[in-house]
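Look for chain A in each of the two complexes below; its partner is chain B in the first and chain C in the second.
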Partner chain A sequence: MTAASLARRPRAPNKGRAEALAGYLFIAVPMALFLVLNVGSIVYALFISVWKWNLRSGPVEFTGLRNYGTALSDPIFQTAIRNTLYYAVVWVPLTMALGLFLAVIVNQKIHGQTFFRAAFYFPAIASSAAITTLWIFIMAPDGIFNQVRGMVGLNPLFSLLGFTANQNWIGDQGTAMNTIILLNAWTTSGTFMLFYLASLQSISREVYEAAAIDGAGAWQTFRRITFPLLKPGHYFVATVAVIGALQLFDQALIGGGVDGAPNNALMTMVLYLYNAAFKQFNFSYAAAIGIILFVVIFTATLVQRRLFGQAPAW
Partner chain B sequence: MTSPARPIRADTPVAIAPVGDRSWAWRRRLAYTLLIAYAILMFVPFAWSIITSFKTLPDSVRLTILPDPFTLQGWDFAITKLTPPLPVLFFNSALIAGVVTVTNLVLGSLAGYAFARLRFPGREVLFLIVLATLMIPDQLRLVPVYLIFNGIGLTKGVGQYLGVILVVAISGTSIFLIRQYFLTIPRELEEAARIDGAGFFTTFLRVMLPLAGPALGAVAILTFQGTWNGFFWPLILLQDQGHYTLPIGLLFFRTAGGFATIYPPLMATVVMATLPIVVLYVFFQRYFVEGIAATGVKG
Partner chain C sequence: MRRQLLAALAALTIVVTACGGSATSSPSQAAPSAAASAASASASAAAPASAAASASPAGFDANAISGPVVLSGWQSSPAEGNALTQALLSFQATYPNVKVDYQPVAGDYPTVMAPKFASHDVPDLFYVNADYAQEWIAGGFLAPLDDYIAKSAFDTSQFFPGYASIFKGADGKTYGFPKDGNTIAMAYNTALVTSAPKTLDALVTLAQSLKGKSGLKAPICLNPGLDRGLAFLYAQGGSLLTADGKASAIDTAPSKAAIQWYMDLFKSGLGMTASDMGAGWCGDALGKKSAAIIFEGGWLDPSMTSTYPDVKYAWAQLPTGSSGSPVTISFTVSYSIGADSKNKDQAWVLLQYLTGKDGMTKWTQGGVALPARKDVPTPAGKDVLAASSAFAKPGSGFMVGWPAVQKAFQDAFTAQIQGKTFNADPVITATKAAIDKALAGG
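Our next item is the complex of A and B:
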């Protein structure tokens, strides 16, 4: 290292300048794109959100914070917030638990370990559009889910819970969101399994050997050792999961169309934003919703950092 | 099967049981049965879409594993009668995902090399900006990006392809993954080339890039999969049906196109949307798993 850096000392005075120039050239295109489409976008979105905006001519009239007020007082946006939060509160713990459970299993010395890892991750590789279309087909009133449960004699149990033999899972207001939760828990648990697996493998072996010597059983070892030592893993997976949950969109749009049918059961914050832009063509309103969404996501991330992560510096 | 060459870590101690304990053997067998059943369950929906695509319309809602009769009607309908037809959707998806993969490899390796090796004022701040782009939700960028692209004609005609490519032409993840890999390569290799008088670009191209195979592989796989499966930006930026990708085609068939319950061609489209990724997964499973783990480490 020292010999190398000595050799790199500029022998010619303009060598450093040439290196800097090469550096700027190498990053020029990506940085230009980021500057316009990311950094510039945020500033532009803030600007648009305080104007009445015309697609052709741009700003028409300064409206201040009116768009933000309108959004927060619109009952449909409130429903969208409620639905999104319900989704997050149910889906995040469910999928984390399933992912952790799978990770613990495939982290053990089992036959076919590689196969099981690959199989459990498999549902995560398909596109949201394909898997949702497929799921809706499976959960249709005449779909295979309803047929299989009838065939294996589970219908008495389902009717006890208030479901008919031809329950329309995605089309019924009471079950639509839960059907989406089930779909996404199934597909995303494989991803969380891989995240947890990386975290599990960083736990030192000695800890487990000590526990085994002390005569701890499998459940005790998991509860007292594995689970607490996975804290950084929980923090990371929970953060990714909550950010993803608050952005629920693809499955809601494919399942319920632009209106989040039936009866706004699948209306989410992002779907509401999409409608503001491409159904009402009210771009400044959509920009304001985008800012609100960003603030919600950012706040949720900070709260989680307080709860699970290291305390922030401030 | 686990081969001895593969290091396997048993992180949870094997519970101690007396040798030949019969209840233990039973529990093992039960555990493996459940595991295999759950693993099979992972493949059932995809298998069901393949089976259904070869069924007739009345047969498609029956719970039978073998199509009766076996027919190519569903595929024929998808290829010739759906609007937009399946080959157009497939072409658009392949074109966009292919180009975006190439741009991410080229731009990502150049920038990844610069951030790992070249010294220039402001490097750390600029790299922080790259990482910060990963935290900006796409929804926040929807209106500005759409208005910018609409203003410069990228929401019409062939411009739609350009727009949908430009918005994901380079990702912070690609730059990050390649930079991290370059950091692990010893400096001595480049020094030799530089002493021989090679310029920065030649050193990058001839010495460093050939060593970056694993990182480029992971970026190529993750980018291709992500773009092929992409939903949000194609939905916003592709306005004409003739430019739709497979995911947008599926949304259109289900909600507005009137094909929601014509299951065989719908499932043929699902198969075409999924199959290329499944094939990639079978051959390059390691890149998927390691790429996901690597994107996880950064957080």
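Our next item is the complex of A and C:
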């Protein structure tokens, strides 16, 4: 009996079923946890959002869609939705561009390539609370940013844009959100750089060689060859970015407190949910907010899937 | 063999990393602190002194109660931990049969307590901040104490009304007693301010003379919210609610004038927010010498001693305004028993001791907080703050829905000072709407 003939023999039916059973048993525990903790929590949140719910004694009164109505008509929640969408619309393309830029640079054979990759990725793994606190210090009215731009002589440019010499970047309602966008663009660009790097390295060398033979310059190569071939990367990064952007919380809480100060400039949907739950102790209302957020993110993901076509196979 | 070992190590690493949690970790309940376990260990080892408390009439004998009691709360500083240990040791000597198990909460206290209420697994005695006292009472999380008060003939007359009234529910029952308190007074840099102003007009004159001096960002550090603004509102004869608490009074003429007066401090550059000064709070502003006059409570002292020991400052009463009488606002925290607590009798023994004369003296004599009772001696160096307790009105927790009212005021006020329009009318409109909504039960 040769190996080849062994391979050609059909498998005994028992063995196939036993293998399938083994497979199911392996995933049984994680799948059970996923169903109970993830799917179950969403279903439970949906359930309690249609009641007036007392934290200790449970359901008090069936209110139907009243919580949803209150939420959607609350001007603070509308501000929260606006802030979150503004953040997503500005931050996602900015960080994707930054991540792609870093990935292209770091993909070349330069000295210290590994060091640069580690350095660009580091902010993503550092504690978000620590980095945000550091950022607040840097952007304080008498912080390093304002001092350095004064020393370097950039102040006239800034006052042209309407900023004073000791502008309070995070405390001012006009600039707070943009400051957080810059912070998150810097910290998350490393993660997106990694994703794009993986994508870049899957483009075969021959395509670039063919382009070089045809006389394409660096920018043309990037625009016409690299960028389109990165479609799987774009799809993945964009989806992950949008889902993350719509859930902005950490930096908003640390930068503006639980009330989204100043004047709701940093109030995001998740911060509003946290406020409703742990400041006002209205948990059914918070659950309704959670469901609304779920619908928004789900819709955004579906829209992206339509825009980018089917999820491409890697 | 080696490959299997490597695989096992990798699996272990993954499991440990996963359990280590992500960047946004939720606060977890702290294990009983070393100080507390040392306290209970040494207390039970020490020879119990003869029970000093007299047996109470009418059915509740505190000396006859025995069993464990789980005490919980937060600990803002090691000094607080020490003071509480002293109080608990003294309790253990008086009531040796009740064993205290101190389990402080690390992290955000309301966030940690919420799941405990939901799962009906609450400590026996715990802190309740005035900020959310009305929410917790209305939610039914706390146990009413009137039975215990009657059966043990607990003397409630010595509590300052400004503190005790906060922990009464809408049904008139008592749900907690204040464990201590703090009032807002004026702290000023003695190098820049030689004599403290007695009236708000004198304060403005003094501030005008200080403007631009000695590297001050602004003479006074102020908060754009009711957490301090309420004191000035009262001082100038205004009010948030009518005397019976049933309707809003923020749109009366004195209230409007008071809010506009407060707004004008920002307009004239005499007052500035801590954030605009580059400080986390006004205490930091005083320490960094960005402001000469601030309005804070007793928590300022330990902070200044540890962070800015070289800055010399003094306390003075909040200057009187057009209302003519001294007024300020107070903040307090109660000891309360949970509705689902398992050891309510033991918790009551601990509560009536810690909020009684002896327990409160032990807790406050080190200066971590002010007494909430008239018969407890004032801690050293806290005369101004303690004297203010007599005329302090509650600074929070006097109405259901207070967080939403505070937020409405602060949002509108911040919009005015950052938009540089400095108009009090939108602030009053927004706050009135929030008050009406809160009073209607929304």
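To be clear about the criterion, the second predicted complex is superposed on the first by the 273 of 314 C-alpha atoms of A that agree within 3 Å, B and C clash if a C-alpha of one lies under 4 Å from a C-alpha of the other, contacts with A are read in each partner's own complex, and residues count from 1 in each chain.
Here is the rule we go by: contacts are C-beta pairs under 8 Å (C-beta built on N, C-alpha and C of every residue); 3 or more make two chains touch, one makes a residue touch a chain.
Quick caveat: nothing in here was measured; it's all calculated off a predicted structure.
K.L.:
Taking chain A as the common reference for superposition, should the pair chain B and chain C be classed as clashing or as fitting?
P.N.:
Chain B/chain C on chain A - steric clash.
K.L.:
According to the stated criteria, A:Y24 is in contact with first (chain B), second (chain C), both, or neither; which is it?
P.N.:
Only chain B; A:Y24 stays clear of chain C.
K.L.:
Kindly classify A:F281 by the partners it touches after superposition: chain B alone (first), chain C alone (second), both, or neither?
P.N.:
Only chain C is touched by A:F281; chain B is not.
K.L.:
Could you say whether A:S128 touches chain B, chain C, both of them, or neither, answering first, second, both or neither?
P.N.:
In the superposition, A:S128 contacts both chain B and chain C.
K.L.:
If you stack the two complexes on chain A, which partner ends up touching A:P262: first (chain B), second (chain C), both, or neither?
P.N.:
It touches chain C, and chain B stays clear.
K.L.:
Counting touched residues of chain A, say whether chain B or chain C comes out ahead.
P.N.:
B
K.L.:
Scan A:L157 for contacts with chain B and chain C and give back first, second, both or neither.
P.N.:
The answer is neither, since A:L157 touches no partner chain.
K.L.:
In the overlaid three-chain picture, which partner chain does A:G174 touch, first (chain B) or second (chain C), both, or neither?
P.N.:
A:G174: touches chain C, not chain B.
K.L.:
For A:F249, using the defined touch cut-off, is the partner it touches chain B, chain C, both, or neither? Pick first, second, both or neither.
P.N.:
Both partners, chain B and chain C.
K.L.:
Could you look at A:L55 and tell me whether it touches chain B, chain C, both or neither (first, second, both, neither)?
P.N.:
both
K.L.:
Quick check on the superposed pair: does A:L302 touch chain B, chain C, both, or neither? Answer first, second, both or neither.
P.N.:
It touches nothing on chain B or chain C.
K.L.:
Would you find which stretch of chain C runs into chain B in the superposed arrangement, from 39-47, 57-65 or 111-119?
P.N.:
111-119
K.L.:
Find the residues of chain A that appear in the contact set with chain B and again in the contact set with chain C.
P.N.:
55, 127-129, 140, 142-143, 249-250, 277-278, 283
K.L.:
Once bound in the complex, which stretches of chain A touch chain B?
P.N.:
1, 4, 7-8, 16, 18-24, 26-27, 29-31, 33-34, 36-42, 44-45, 48, 55, 104-105, 107-123, 125-131, 133-138, 140, 142-144, 147-148, 151, 190-191, 194-195, 197-198, 200-201, 203, 205, 208-209, 211-212, 217-218, 221-222, 226, 236, 239-240, 243, 247, 249-250, 253-254, 257-258, 270, 273-274, 277-278, 283-284, 286-287, 290-291, 293-294, 297
K.L.:
Please give the residue numbers of chain B that touch chain A in the complex, ascending.
P.N.:
Listed in rising order, the residues are 1-2, 6, 8-16, 32, 35, 38-39, 42-43, 45-46, 48-49, 52, 61, 63, 107-108, 110-111, 113-115, 118-121, 123, 126, 129-130, 132-133, 136-148, 150, 166-167, 169-170, 172, 175, 187-188, 191, 195, 199-201, 204, 225, 228-232, 235-236, 246-248, 250-251, 254-255, 261, 263, 266-267, 269-270, 273-274, 277-278, 281, 285, 288-289, 292-293, 296-297, 299.
K.L.:
In their complex, what parts of chain C are in touch with chain A?
P.N.:
23-24, 108, 110-111, 114, 117-118, 120, 132, 135-136, 139-141, 273, 275-278, 339-340, 401, 403-404, 407, 410-412, 414-415, 418
K.L.:
Using the touch rule from the top, collect the residues of chain A that touch chain C in their complex.
P.N.:
For chain A paired with chain C, touching residues are 54-57, 76, 127-129, 140-143, 166, 168, 170-174, 249-250, 259, 261-264, 277-281, 283.
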